[in-house]
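Two complexes follow with subunit A in common, the first pairing it with subunit B and the second with subunit C.
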Partner chain A sequence: MNIVAIRAVILVAILALWEIAARVGNPLIYVPPSAALPALGELLRLRSYPDLPEHLALTAQEIVVAYGLAVAGGLGVGFALGLHRVLGRAYGPILAALYAVPSVVWYPSLMLFFGLDAASKIAFGFLLGFFPVTLAVLAGIRQVNTHLVTVARSFGASSTTVFTKVMVPGMLFTLMGGLRTGLALAVIGVIVGEILGSKSGMGSLINHAYGLFRTADYVALVIVTLVLIVASDAVASLVERRARRWTA
Partner chain B sequence: MSGPPARPVSAVELIRIEGVSKRYETASGAVDAIRDVSLAVRPGEFCTIIGPSGCGKSTLLSMVGGLVSPDTGRVLIETRPVTGPDPKRVATVFQDPGLFPWRTAVENVEFGLEVQGVGGKRRRAVATELLGPLGLRRFAEKYPRELSGGMRQRVAIGRALAVDAQILLMDEPFGALDEQTRVLMGEWLLDIWRRTRRTVIFVTHSLHEALALSSRVVVMTARPGRIKSVIELPQGYPRLMESAELVTLRAKLWSEIRDESLRAMGES
Partner chain C sequence: MSATLRVRTLQAVSVIALLGLWEAVVRAGYVDPLFVPAPSAVVRGFGAIAPTALPALGDTLLKTAIAYVLAAALGVTGGIVIGSVRALHDTLHPFVGAVYGLPKILVLPWIVLLLGFGTAPAIAYGTIHGLFPILVLVMGAVRDVDRTLLTVARSYGARPWQVYVKVILPAIVPSVLASLRLGVVFCLLGVLIVEMFAGVRGMGSVMGGLANGFRAPELFAATGLVSVASIAIVLGLDHLNEKLSHWRG
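Here is the complex of A and B:
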């Protein structure tokens, strides 16, 4: 049996169990697949939520901006702390301590600072995505084989050349892992931010459907959001595999 | 004397090491790696440095390569003091080949030329031409992990030869290889050296390597490393280890090293 068939088995089994469980219990609360799928059809035909495309686009936009900032900030801070011994010793431990705090505690302040619009979601997505990228850079720098740096220097390589030709390829493996985790967390940040309080975006639609007890629509919206997340992760994993094949 | 004509041994000095010392600060206090070492190396010479573990052989080599600066004294190459790595004149081969795992064999050989800004086509041509005598023609596109230990070290030697520096520093290049591979690599290196006329400073623990390859052997003392004696070897190759001359030289070299190795062992 091939992988696809094995995956299909578990999918069908889960759907069947879900259907049975929902029918035995309260279908309004448990929403069986037989109700969710029609609701998904309505949603995609823009009947239940005609402005779905705008909300989807807004969420995607927030994710792109939040992740872009997280990557820029994470690479910047990571390299600054990793390559500068004093800065690293001064701020490295603080960074690790901050990472241990459940980030959601910051969200109320972010809403106060940035309001209910996109800015607070971007800020939260950035906050979540920033740490894994930074920490991956720090781990990656520690991983670089110092002997290879010595070899490169013996061939007259400048600091810039050592950086581009030895350090970056040497740490790419770890760095890509961090970039991928960062993306996943930036996506989570944006969507959680929207659910916790917003006027537009996929999170706000989810909230709306949930608040009105339109549970079938709610499940349909969650499915659309999931597709968005899975698609972004699939792209990231593709890039990661490319990079790993190159350096491994 | 058998073998090809002897190298013209010029009296001119290519490398001049003048009274260099180096002390390292470690957690358990300062360690004198080498103290007041002076040595002159002639162009085209195969000069081997031998001595017990930790006698500062590698430190001395790193000073010539410009990777370590001496606390006192200085190193001159063609009368110019060494202040840092100078890939136009000096190339180094380390015990750990230090190949870049994300580069194929031929890309590794190209590295030094790439750093010097040599164009892609030109450096590929140079590297490809070197792969033949390195015995790696069929392995050009292989990654280091796909090569044996001996092959990896040959790639590293190729990388050092590619930059066409007059001086080749070799820090126990065959130290991690098995005995048979080691002997064959020595023969191969000798061949390369005689064809390319580099000046080699070669660090080793192996008496056999020292006697089979060198024009001159420098024996260093246990830490702090100083020069204990310098032994000139006969000029012909290949060296017949069973000949009376070599047997005598071997006994002499061993007696010089033995005392120092015992001292080094007693210390650790």
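Here is the complex of A and C:
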């Protein structure tokens, strides 16, 4: 039996066990798959939550804006710290220390500052996505072969040429990894923010379903959110592979 | 002036300048102190919340410690077992990878539904949060152990337990320590999230309450307190790590 078949068997076994356990136990709390699937159908046919598309679109928008800001900020700060020795040595450790703080401690302040609407989720997604991008730029710059830079300079390349032709290709591998992690974390930031307190977006629907004990709807909403997350990661991995082929 | 001194000066000057600017901007009335309190107000705020915040921090750190011990024990043993048994690794790694990559926050409402409000969901969620980074890193480290070493050990007649104790364990120590350093932040993060979501005790619920009550100075003070505590924990682990690597030679 090949490995894929074994994995499929395990997956089916888990679902079957879950179904049995849920029926024996409390179906309201454990939500058997047989109850989750119809709920998902109802959700997708817009019966249980007719405004699902708006909420889904809002969450997606928050993710896009948060990630865009995180990439811009991360690249800016990363290159500023990476290309100036003194700045990097002064602020790099401060940045690393802040990265060691569990990110969610900032969220109540952001909520107080930006309110319950999209802005606080965007700010939190930005904050989470910002660090991996910045740190990847810093790590990438350290990886660039200094001989190549020297050779390019001595052949008369301008700073811009050195930057675009030597540095960026040399660090692209690390940079793409950081950009991908940044996206995953920006997504998590937006969703954590929505679940901790919001009036609209997928997190608010999940909270609504959970608060009303509509557990089957809750599972269905989680599945839809997961699809959004997996799709965003699939796009990122596609871009990453493209970029890697370009440098190779 | 030496380079290190220059860097230290720049760090000190920027922090002091930032605090001074912040204080001045608030006092001059450019920002609303309701949202951005001056540093002096934050210090006073700390005085006001210290009697409640310090026990709450202790409560949070205790839950984190329990979650961390569970996550470390499960993550390291699980990682060694899954990493070293080929069949297990090949079948399970997509599942582990999927659960590792997906945001755990989505199951949080369900955990609260299952375990209620209070200490149990915080420990459970903190454990889940810390477990997967540790598991994935240890699994990878075991896979990366030099195959030649294993072959040589076996061909010299090492028993399976000897292969584990003499070859695999010493080889993965650096990765295990790195994963444990990473894991503690994840555990604390998980515990704080639960406390904010459904907490009745701990720093997370204190901070959530302060935010809802628009008590910005106290909230900033509480945020600073948790940040300092977690940076201290990570630095402590780094220090321990360095000592251990010194001892390892």
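Here are a few things to note about the model shown:
In this text, the second predicted complex is superposed on the first by the 237 of 248 C-alpha atoms of A that agree within 3 Å, B and C clash if a C-alpha of one lies under 4 Å from a C-alpha of the other, contacts with A are read in each partner's own complex, and residues count from 1 in each chain.
Just so we're on the same page, a contact is a pair of C-beta atoms (placed from the backbone, for glycine too) under 8 Å apart; a residue touches a chain by one contact, two chains touch by 3 or more.
The structure presented is a predicted model; accordingly, all values stated were derived computationally and were not measured.
When the two structures are aligned on the shared chain, A:D233 is found in touch with subunit C, with no touch to subunit B. Contacts of A:G156 after superposition on the shared chain: subunit B is touched, whereas subunit C is not. In the superposed model, A:L148 lies in contact with subunit B only, and not with subunit C. Once the two structures are overlaid, the count of subunit A residues touched is higher for C than for its counterpart among subunit B and subunit C. By the touch criterion stated above, A:V168 is placed in contact with neither subunit B nor subunit C. Within the complex formed with subunit A, the subunit C residues making contact are 3, 6-7, 10-11, 14, 35-36, 90-91, 94-95, 101-103, 105-110, 112-114, 185-186, 188-189, 192-193, 196-197, 204, 207-208, 210-211, 214, 216, 219-220, 223, 226-227, 230-231, 234. By the touch rule above, subunit A contacts subunit C in their complex via residues 3, 6-7, 10, 29, 86-87, 89-91, 93-94, 97-98, 100-109, 111-113, 184, 187-188, 191-192, 195-196, 206-207, 210, 215, 218, 222, 225-226, 229, 233. Contact residues on subunit A toward subunit B in their complex (touch as defined above): 145, 147-148, 150-157, 161, 165-166, 169-170, 172, 246-248.
Listed in rising order, the residues of subunit B touching subunit A in the complex are 65-67, 85-88, 90-92, 94, 96, 98, 100-102, 111-112, 114-116, 159, 163.
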